[in-house]
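Order of writing sets the chain letters: A, B, C, D, E and F. Residues in each chain are counted from 1.
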Amino acid sequence: MRPSGRNLDEMRPISIETGVTKHAEGSCLIRCGDTHVLCTATIEERVPPFMRNSGQGWVTAEYGMLPRSTSSRMRREATQGKQGGRTVEIQRLIGRALRAGVDRVALGERQITIDCDVIQADGGTRCASITGGWVALRLAINKLIKAGDIVTDPLISNVAAVSCGIYAGQPVLDLDYPEDSEAGVDGNFIMMANGQLIETQMSAEGATYSRAQMNELLDLAEKGVAELVAAQNAAVA
Amino acid sequence: MRPSGRNLDEMRPISIETGVTKHAEGSCLIRCGDTHVLCTATIEERVPPFMRNSGQGWVTAEYGMLPRSTSSRMRREATQGKQGGRTVEIQRLIGRALRAGVDRVALGERQITIDCDVIQADGGTRCASITGGWVALRLAINKLIKAGDIVTDPLISNVAAVSCGIYAGQPVLDLDYPEDSEAGVDGNFIMMANGQLIETQMSAEGATYSRAQMNELLDLAEKGVAELVAAQNAAVA
Amino acid sequence: MRPSGRNLDEMRPISIETGVTKHAEGSCLIRCGDTHVLCTATIEERVPPFMRNSGQGWVTAEYGMLPRSTSSRMRREATQGKQGGRTVEIQRLIGRALRAGVDRVALGERQITIDCDVIQADGGTRCASITGGWVALRLAINKLIKAGDIVTDPLISNVAAVSCGIYAGQPVLDLDYPEDSEAGVDGNFIMMANGQLIETQMSAEGATYSRAQMNELLDLAEKGVAELVAAQNAAVA
Amino acid sequence: MRPSGRNLDEMRPISIETGVTKHAEGSCLIRCGDTHVLCTATIEERVPPFMRNSGQGWVTAEYGMLPRSTSSRMRREATQGKQGGRTVEIQRLIGRALRAGVDRVALGERQITIDCDVIQADGGTRCASITGGWVALRLAINKLIKAGDIVTDPLISNVAAVSCGIYAGQPVLDLDYPEDSEAGVDGNFIMMANGQLIETQMSAEGATYSRAQMNELLDLAEKGVAELVAAQNAAVA
Amino acid sequence: MRPSGRNLDEMRPISIETGVTKHAEGSCLIRCGDTHVLCTATIEERVPPFMRNSGQGWVTAEYGMLPRSTSSRMRREATQGKQGGRTVEIQRLIGRALRAGVDRVALGERQITIDCDVIQADGGTRCASITGGWVALRLAINKLIKAGDIVTDPLISNVAAVSCGIYAGQPVLDLDYPEDSEAGVDGNFIMMANGQLIETQMSAEGATYSRAQMNELLDLAEKGVAELVAAQNAAVA
Amino acid sequence: MRPSGRNLDEMRPISIETGVTKHAEGSCLIRCGDTHVLCTATIEERVPPFMRNSGQGWVTAEYGMLPRSTSSRMRREATQGKQGGRTVEIQRLIGRALRAGVDRVALGERQITIDCDVIQADGGTRCASITGGWVALRLAINKLIKAGDIVTDPLISNVAAVSCGIYAGQPVLDLDYPEDSEAGVDGNFIMMANGQLIETQMSAEGATYSRAQMNELLDLAEKGVAELVAAQNAAVA
């Protein structure tokens, strides 16, 4: 029934390649099917003004899409003079999600910026950014620990995200672009390794959903996140 | 236990005053406790480019805060040269929520813009904007129906929104600012009159939540939305 | 002869409601007929760079119109990326006018910002902003005096403003929108309680005026300002 | 008593050199003492959207200062991303003033843009821009008349402007920069050749003025404008 | 003598991988040593306004750097509200260079946009962008020819670019970042396959160069471009 | 053969008038035929952040065109919200060129800004800006030397620039606008008084050039620069 022929609860193939750029303190190229996102982590020994002298660190994120990562070319945000509303929403989400998995006191007063740049898009770029962003973050923090700059590991748990939705009347896991553009209800679920929720966003345009449907999607999301966490752990091993 | 002395499942007093500006096709001033939002509806006989010749209408929203609606003065967005990320996120949410309750074919090829301007803020401004925005929308559509410009009522149902969160370890309904700034988990729930969900946003910063807790908040939200729908209906009667 | 049926030298009904927002140090909602402006005063214990270490304070103003304060909806300036020329002109005028009534040494090295936001427009918004802005300023300064932060009252006099113009060949006081849009000559007069002038702006587009006509408008303005000063005094009493 | 040694009612030397750039349809370099402004007129056979199919023309103006036209270098507005408030105010004034002297039906549906660029500033740049801008406009219109594109002369009268103020307690004509920066009251008076007023702007910061003082400045302004009109007429002869 | 141990006239290893993104009409990832640039070509059946109805096509380019393509993180241009001066200069250069190798009449009235996004930077990103951009352009045009949309091949010749400079007093080919940041003189040479020049940019900051030195660099550039052309031809074969 | 009737190796008449504005530390109006550029130098006793505490000075440049310096009116960059790509490219070039002739240690930790504003354009404005900008710089530095603020002259040599190109198949010196808009190849050559090169930019759009042709243009440029240096020296004598 799904355009890709996948089962309702089947993820796309996941691949996480680490160390893809020589400059960043942590980096990976995550591929969830045809969605490819380059994630880098940058460590800076300073925090934003509102965190100064708090003894705590900060994790933030930025998101972008290359102009031809999509089926028809998008205008480059730098030439439009600002980031669009969707971009701002997504990068705020990525930052918030990753911070939920960090002990900011253990991190110490420094900032880690996760850049997520979409090389090729086929649905689910924000979820791939969170999942891949966590890998870049993990690698950067490993470097700090190895260098003795951090004593206690500030990462509480893996953080991973997956989208689910109601497509052609059925709950499906890990929407690709053809599904995403047709789905009546569509949610993003961000979780820790133990299934605790960090963020739920589930929205309908021109439709509604019941609590029962919401629970079906959460069941799918738990399965998906477990697979993503396994892929993260394999990548950083 | 709550700073305001309310019960865990108690809403703030709701007041919806309609017809507050002579120019708009629909308007109200909604007060949810000390959160006051002015909502106006503007009808225009044109749609955005991507909807032209579709035979369907469009509903969109814009959101703003007066500089001194908050405890300390915020910079005016017009002087900063752009709307901030939070503003953009909120106005996209309001528009999406209200559109979910509209039959856009019945509306016909016209646009209704809902402006939500926060006069005084004390937590929950986005939820108050949705609830009040629906009232302004209802009044504007009544005008179109009365004038014979629309035959079938395009409003499928009321749309209302409430925030719930986990404050001091307890699930509470309708967070005010002192609660909002302390809550570990905080969600916005947008529903129709029959309790069907339109949008769920539930997030944690530096914490997580279980599915059981999510369900407790949904129970509270259902109670709150029922009260808001009653207030909407009384206001437009 | 006037669309509203008023006499040539008759003001619209004036109402000034104070204490309309709980956060601001001073606030009022001024209504001059159907023109309604919300004015708030914010005290900050810092001055702009060019005033630092001068021992003197600063009073400044910002002005905005809600998108649907007008008969047809205006684009929100925050989405246009800048304040328009008219807005900038008006807020510079408000600030300059209010400063003329302030002893900046007595104020001490602090800044008071007056925000004037037009809720509903029907002509004369800049004059209403000045008259209402002075009330917000007066209330904020009363608070500083009461708290012992200021010893000598820095307010030299009331400051109030009214528009007059030549409408259908006749000099008229306090133009409303239908008059304003038809007037060949149109002036704004800002005065102190004793009738001394702070600012005169009198302009003609596609017409001219004589010194005799200018004097007739000044006579009307003196009458109008006296009534506005009485309303200010009643409001802050 | 004046820093320049001039009499109270004495203008600075005026020089108006026409034809200073080969591209513009009309141009002059006006020198009022050490204030030098290059004024050009550009004719375009189109009008702004709000004037289309009205059968009437439009006259507009833009104003700028070269970065080092002033005693200390100002930042270039093009690098700041916008025109400042003062610039916007001034160019709106110039356009409004010049339009007051134009029969827009006789002009026909075309636009004339007057660019006023300050090469060297020493007070009174907006008045010099209006006076010189009128000369550029006159020359451009002469060209249209000569080419037979216009039959009836659309220029009703000369338009010229001068500043006056109260300096060291005395009313003085044509303020230069040292006077302007010290004057308690300062006005700009725009008139036609016959002394009819087009625009009066008279303001005080930290002071006030009486109607008697206003009349003294108007007397001076009439004298100054008469001299400017003579210089304009000599230049375009 | 060179930090990398290369001979004076030795290029870095070149690799050009084509077909790296499924959406673009042509694409490659070019690697010149540690400088990696993703180049995509987008065909659109429209031209910019200034080319309409000319019967000719247009080729243009945009350039960007991922924030962490460099040794320390650069601010994202989209968040700064504009493309920097260096970016604008480079993308104008890439477009101009590629257009020089195109018969725009044979291309027909369509536009091809080349996006060059630097994934990892180590000197010479503009040259790599031109060389890789040409490959993406070649592949996109092949597609048009194969589809029968173009009859005559509009590509006159390969276009490739290389940098040379005077490093530690010696003329060297293909500067990497450590050389680039130390070189007193530094040039970019853009050529066709036959060695004809399209663009020369050779500049010195705080130094100068003689015509003899310029000729030495041109000799090196000819050698480098020949190798790049061979790599291009191998990639598109 | 040239539209102006000049010989192939003949410059336009050069005139450099110094001291044209009373405020700047150095200034000139350079006229190369009908291209007229006003150049001013501003000395500031501070350097940009990246130069602080380096003991070295900085020279930078800004470039602008008056809206009607061209045959048809250009939009003012200040109203467009940014400097165009061409402007940015040119002002970076001017700054880089002038810095090449400066011993920045001898200059001391201060900044000199050269503003080049085109009053009338007829081709070659960037070259005229460099040549005239050097004169303004020389005058400003003379002032510093005379005042004893600088001991050793930081100017190593004159810096001057000229354009050459291939017009109608012939190499020609000092292109004017009619030639510039038709030339297949067009170069800007910046040199010191002794003929040493500072910057070469030679580009072709839709054409190419050989090394032999490049050498012919360099021969012409050497002749032109020698004449410009003589004019500079006469002007500052």
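As a working rule, a residue touches a chain if its C-beta (ideal position, glycine included) is under 8 Å from a C-beta of that chain, and two chains touch if they have at least 3 such contacts.
Protein identities per chain, from UniProt: A, B, C, D, E, F = Ribonuclease PH.
Since we're looking at a predicted model, the values are computed, not measured.
Steps from subunit A (Ribonuclease PH) to subunit D (Ribonuclease PH), taking the shortest chain of touch contacts, total 3.
Common neighbours of subunit B (Ribonuclease PH) and subunit C (Ribonuclease PH): there are none.
Set against the C-alpha centre of subunit C (Ribonuclease PH), every other chain centre is closer than that of E. Remark: subunit A (Ribonuclease PH) and subunit F (Ribonuclease PH) have CA centroids separated by 51 Å (rounded to whole angstrom). Centres computed as Cα averages put subunit C (Ribonuclease PH) at a distance of 28 Å from subunit D (Ribonuclease PH).
Residue positions of subunit B (Ribonuclease PH) with contacts to 2 or more other chains are 81-82. Arrangement of the chains shown, judged by which pairs touch: one closed cycle in which each chain has exactly two touching partners. A single ring links the chains, and its order as traced from subunit B (Ribonuclease PH) towards subunit C (Ribonuclease PH) is B, C, D, F, E, A. Subunit A (Ribonuclease PH) contributes residues 21-24, 27, 34, 38, 40, 42, 44, 62, 64, 66-71, 73, 76-83, 87, 113, 115, 117, 119-120 to its touches with subunit E (Ribonuclease PH) in the complex. Those residues of subunit F (Ribonuclease PH) that touch subunit E (Ribonuclease PH) in the shared complex are 82, 85, 88-89, 92, 96, 99-100, 104, 187, 192, 196-211, 214-215, 218.
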